[in-house]
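In what comes next, subunit A is part of two complexes: it sits with subunit B in the first one and with subunit C in the second one.
Moving on, here comes the complex of A and B:
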């Protein structure tokens, strides 16, 4: 069911099971052949647990696209479901569309770019990756973030950065509210330079946005007695 | 003492209740501790075996074969877990446990041909090396969870909850979060580390189904996927986990141990292991997957009779946490002064959370850990597991069974009304099952 064109392999998902698609991708990965998936039709678990492959996906994908992967390059031309790039170790995932909840959940490394809006809990439990969202993110984004960076050009919903340990969040638009133990910190020159650098690849100038920086206030680092407001 | 001055203890304000109130008054917080529930609950001790006499014949003790081989995860996995004994070592995190304790558990499990399990700290390389069969936990925290280690696992255990703290997350106090532990968990060193109570990337059973497919795809459908839960609404939870695609259910009753949680969870949340097991078996039977989806039961299991009764009630295997630590020397009357420094005594130590474990098991302190030599700890745990197996075999032979998995409900009766009602077994010497 797959046809080879010069330097690219096409896989039509329409008549294949998820298992068959992923097996083909794994076989191609070992040969480092760039691959294009046609008719993904919002299917879950595409390209999970995979290493060393460049895949472009023509259409929307479901949950966990690119999850548990390492050293990959995935571009999705469509929207994506929950937890895109879950636990990514390294590489790039770019979504030319919107993302549902939990984008980049607990991703350790690499970069996940959502060129649209992301739903609630974007960057949840982030462990070192960079998540860039050019639109807005929903409530409880960056919940329990541990390391890494989240850049949101648009607005952030309520409870941003609730219970984070470390890492940095930049928001270009409005922040509905901050969660427990998150605080604003003044932007430094180095921060602006970092944002210019990160966004340049997306043809976005950081200066066009009123970026604010959110970090951990470190007030809940130790189990304290009488801080009722936080319980 | 003058007999007119007999002191009376209040049954409401017991010494423990008074101490607890005064501790809260001083500190303004609830109590956090390790170990399991301290209260008395109906348990396997409340059941006895009807072994054989004339209606059934026993097998020759010590001589006739009584097999113990156990398979877990036969539903979907290409490589189900094949264990020599129906006893596994439960997930206990590196961080909660010392390096030496983790390695010793792995080696002891390997000697007995059974599995050990990672925990909240991720997969310690030395633990992987020590364990011939290693279950890799996928916890809400996802500390140290990554595709590289996933490929080294022999099974995956998705942890929904624990019996010691169903509905609650974990807590590793900062004094145990040293450089290595912090590094494995991508956390700042020395902070009180909270493990979340729910997963970051799925919420309900429909999502869990997709999550399970993701893990299977990532591991090429090779290894089994267990779902571990604390016992609360057992019937519904078991059915939902099966529907989501679990190969095996790990069910942890309220007696289950922990390294640190709020004492209120340990004493007041969840149901005991005995009724949890009975309900889980019924749930599997009701949806027609009993035998196809295996059941591992845990929480307060200490002895061969506990294991044998769990098997007879329908478990495929049991899992042990605290008892393996006790086998290594937890609560042993040595280094008495250090127990006193903690304000406790041997046999009463519930200080796994402080990192000051006098016997080097639940600590990250290099000096304390030296008190637990790996070889010695391995031998103790292996001896202990071996003795449990022998006890189970003895009881099985006395019930006329040549395979420990042939133990059955018929072989048991209850000693108390509570146990009769919960286990749905006749009260000893009667045909009466409470509630039926």
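Moving on, here comes the complex of A and C:
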């Protein structure tokens, strides 16, 4: 099950428990040996809580892939389930496919790229990471976002950025509706430069999209009960 | 965290796979809920007759049940199946008052539970694993046009066969649900005031009764489900099946998961994407999508619903 090829270790998930896989990954991470996971078959909790390792995953993964990780580089060649990269501290997670709900939930740092669509609540409670989705994001994305950046090339579902505190969201397509305390802000030259720079790595030109910028209106910062009706 | 799954075929050549496909689809969901497993399958149509599935948790006086049934209608079949009986009643010459029939059954044989009634629907459910259920009732070879399944993690009521899913509230109508109904008591109270009798304390049963009540008011299935989105609070993704349809409803907050797998041959719905990878004829080119918040989706079979049986 454990076959070493030059500079990359292969782990076949088929006959291992998730705990065994993650224990192997931790051992390999202590020596920073790049690893490839075969036959993930949509399994949950792969590569959770791992530091300093490059992992490539050949196939779809389930919930929480790469969650709680630090200084990692994960590439998934397939779709992923709920909460990919939840609470990521630093590093990169790239999904060559679609993501289900809660992508990059509470991620503190690093970058999570979804090269497809993401489901509802993408970037929920984002705390400093960058989330890039080249397709669409679902209902209530960036809910309670606190810091960081979310770039969506496609459309955003209803209730985008509801109760956002801080951070910036760029949407290249249509926004179904904004949530409470979110507002549109004119795009500056610096914003376009930033987007060109961020998307260049994905061979995407920001100019091909009609990017709009969403930030916090900061009205809820001073919420008073008498203003309840406004919400 | 329960698991729900459903299959509806677009080609009748595939009907023979229903049992095994449904088992493969539901099995990965056991990690979401290991308490019980159940399926509602649409198969073996008995036009102009009525099919009943009766179950008893303990010993029951089946001979007495049989002779009572004879007094109601001619009993064509009375097969032993697991801890119950699969019965076909000949109603071609005589219309049976189903409401009265159900009431009499409940009072005369309180230890017997009516699992399902209809011309197509058969409900099998039990505490334990999917493999167990499918073996006990020999469901792997079961053929049919569509079916839904459930694995349960009990949150709101006890773990026993009767509180397991699917729930039925009318002939040939059944439902599986993942989530909780937060206005359950209000909803139940309002349905009870309309004369609806609840059999369990499970909140999912209330959804089944609500849908039946809406259909009885003359609403289409789609309109009934639209009304439901406004009247039922909570987190829910559920599948409701009728003789020729499966409908999927996701709550307005998209709080509970669901994924849809679509090929020219079939549609499969499951709580988790990985279930599709388990399908015996998994097609990597299938269209896979997730329903939006507050979305209703309805798929139809090629079956024509029989006009004989009406909602009661």
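Note that the second predicted complex is superposed on the first by the 228 of 231 C-alpha atoms of A that agree within 3 Å, B and C clash if a C-alpha of one lies under 4 Å from a C-alpha of the other, contacts with A are read in each partner's own complex, and residues count from 1 in each chain.
In this section, a contact is a pair of C-beta atoms (placed from the backbone, for glycine too) under 8 Å apart; a residue touches a chain by one contact, two chains touch by 3 or more.
If you're wondering where the values come from, they're calculated on a predicted model, not measured in any experiment.
Touch criterion met: A:82 reaches subunit B and subunit C at once.
When the two complexes are overlaid on their common chain A, residue A:43 makes contact with subunit C while staying clear of subunit B. In the superposition on chain A, A:60 makes contact with subunit C only, not with subunit B. Look at A:168: by the touch rule set out above, it reaches neither subunit B nor subunit C.
Once chain A of one complex is fitted onto chain A of the other, the partner contacts of A:140 are limited to subunit C, with no touch recorded for subunit B.
Of the two partner chains placed by the overlay, subunit B and subunit C both lie in contact with A:121. In the superposition on chain A, A:35 makes contact with neither subunit B nor subunit C. In the superposition on chain A, no contact is made by A:94 with either subunit B or subunit C. Residue contacts after overlaying the shared chain place A:18 against subunit B, while subunit C stays out of touching range. On subunit A, the surface patch touched by subunit B in one complex and by subunit C in the other comprises residues 44, 62, 82, 121.
Looking at the complex, you find that subunit A touches subunit B at residues 18-19, 22-23, 26, 44-45, 48-49, 51, 62-64, 67-70, 82-83, 86-87, 89, 102, 105-106, 108, 121, 124-125, 127-128, 143-144, 146-147, 163, 165-166, 221-226. Residue ranges on subunit C touching subunit A, taken from their complex, read 28, 31, 253-254, 257, 259, 272-274, 277, 288, 290, 292-293. On subunit B, the positions that touch subunit A within their shared complex are 27-29, 32, 141-142, 145-148, 150, 171, 173-174, 185-188, 191-192, 194, 196, 200-202, 207, 210-211, 213-215, 217-221.
Residues 41-44, 60, 62, 79, 81-82, 98, 100-101, 119-121, 138-140, 157-158 of subunit A are the ones that touch subunit C when the two sit in their complex.
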